[in-house]
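Please find one structure pasted underneath; my questions will follow.
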């Protein structure tokens, strides 16, 4: 299976600080690659680098990001931006903050669909209804007529997943998609995301610091620490029997793994 | 939505009541005996007493206030001590000149300030950014009337480009709206338009130069916050082009507080224009009230205060409601 | 140097300079502010009269320096009253909570909806123009704004752990206010005060310019501009130079205030 996404020797820095260091990863179509690490390890920066939406203060120092063999970093800005949404989609961390608070949800979805040429108003409307139904939203018209602050995080995240897949991307970057959701919604949302991806043969880069969820849903996992990949392999294997000390420490810090009545170990960041 | 409007209207009523209370209190603080002042120093004690009871000045305070409120509601602001004419009519006659001045300044400030602010937000630390910061500080520190004087010296005395006083020279166009510029344009009188513009130029420039900074700064700060926000990043991630993002998402959110600032600017300009009209001999309500201050014509001063306070409060209420229409978060759920 | 520090530095220097100039007036000039010299009417700036003379032959530089005492003093008075009372009331109301808070805020909302400078104009005209009245009026009219600002501050401080702990330990309201709350609002106070001094200065000079503040022959910058306005065609210094003093001082205060805000509260959390 040829690689959908190939990252080779990527380094990104913010001014003098090196946030991503010489990272090499591959992701195949239909595969879910988990990227785990603590806050500040550089995982989100890596995701943004692939999308081409880094902070203006950040700079790619070296490396190659190839999608289907084509180096994204060598593309002119306009072409790179054209890939956003249509080829590479984003599921953001804070769904509430990711939508314009003064526009109705339906309007915002329609704007995006129109941009990507999804037919006339009738066709777009049908597409939206179908997309919302596919993410198990019970009452699409009510959701579409609401403002973002009137809906819950879980509902908004489903809407964003529906939108992402309606554009039929090849790759989805899920940047901490469940961190802002409450426990009950987390599993359901990831389940939805991963099953849709597998159905459509879409690759998923699942960035998260929630190890149990990653273990449950990802095929492979890469562990990141201070901008460097310290361990990589099949999710189950790596998280059940870690090789690297840091991974071991991360896993040991999980409450489920703690020895009874002992303080949780804190991994050295 | 309706509940929101009703809430705002209720508050408006409260504020208008407050204005009437405040102005009534001020009017009663004026030293001297109004009856004596009106009757004149030569009148006998009985005549003064009769006048006093006629004016209702011997009744309890709350009755006087009720009477005052009733007068206000009937739009009766008293009569001028100087001219004997109704205060309301005197002020309204001069109002168009002031509105023309402030309106033109506001328009100019918006036309320059908004693009300036947007441009400054696009490139942090760029020259536009620093210009906006500088102008906004200058706008608060420089007194409007002093700037007017300086401009007169520079552009009238030194360069003789623009006239320094009055509102017009030559025969004025037929008064349709009371706004000379518009009237001149309506009459297709090119020379009149030029004359009106020339006289407007210096005072409007003085006010506008001071307003541009704070306006541009607010636009810039809002724009910056919006452009850095998560939903703008998400919009980019969804593939929307910068132009769409700017127009559909960013501007709408960045400009909604502008409404509030425009209302606040009007307050600033209200006061600035009072002193500016004095500098330029501009025949507006501000100049009139300053003359009344020197002439101790209290009814006019109080009438001016009531009128401008009410106008300001009304404008703010409208802006508030308009803001609620644009930004759904402002309304109660 | 960051923008904030630069602002504090430049603003601080300007403010200090202006205050020193005002305080050291007798040292810096041999002329008195009211010494009439009919032989030297309306002279341009020269070595003898650094800022020229006015229509009564008085040395303008001296009048500006001594006028600084008046103008700056007025500005300080206004801010002292406005912010002092406002902060006290605001903190008290914020700490008290309940119906006191609700009623107070309603009153503040109504007060803030009324344009204060117009009211100041009417008040000043009614009670008679004088400097003292000016300070009282402008100071009093500034109170509602600061009540609101400091009430917010007090509200947020009230929930902070150290305050809750103090209350749990039985601290009285006065102790809370004096020991815990007031020292923590000091940064906010300093920032607001600087900017407030700038706007108070400009407002006071504007009211004096239309005759509602300092009365002649008292030198006050706004009044000086008023005195000079009829001669601007040929004797520009009479009106322009005092105005420069106002603009420069106000600039200093505003820069200082903005700089302090950037340094003490860069993310705009408190102001």
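Letters are used for the chains, namely A, B and C, taken in the order the chains are written, and counting of residues starts over at 1 for each.
One rule holds in what follows: a residue touches a chain if its C-beta (ideal position, glycine included) is under 8 Å from a C-beta of that chain, and two chains touch if they have at least 3 such contacts.
In this text the structure is predicted, and so the values were computed from the model without any measurement.
Taken as a graph of touching chains, this assembly is arranged as a line, each chain contacting the next along an open chain of partners. Chains B-C form the pair with the most C-beta pairs in contact.
One finds 23 Å separating the Cα centroids of chain B and chain C. Once the centre of each chain is set as its mean CA position, chain A and chain C turn out to be 53 Å apart. Those residues of chain A whose C-beta lies close enough to touch chain B in the complex are 51, 53, 81-86, 89-90, 92, 94, 97-103, 111-112, 115-116, 147, 149-150, 160, 163, 167. On the chain B side of its complex with chain C, the touching residues are 11, 14-15, 18-19, 22-23, 26-27, 29-31, 137-138, 140-146, 149-150, 152-153, 157, 267, 270-272, 274-275, 278-279, 289-290, 293-294, 298, 301-302, 304-305, 308-309, 312-313, 316. Contact residues on chain C toward chain B in their complex (touch as defined above): 106, 109-111, 113-115, 117-119, 121-123, 125-128, 195, 198-199, 202-203, 205-206, 209-212, 222, 225, 229, 232-233, 236, 239-240, 243, 246-247, 250-251, 253-255, 258.
The part of chain B that touches chain A in the complex is made up of residues 229-231, 233-241, 244, 248-249, 252-253, 256, 326-329, 333.
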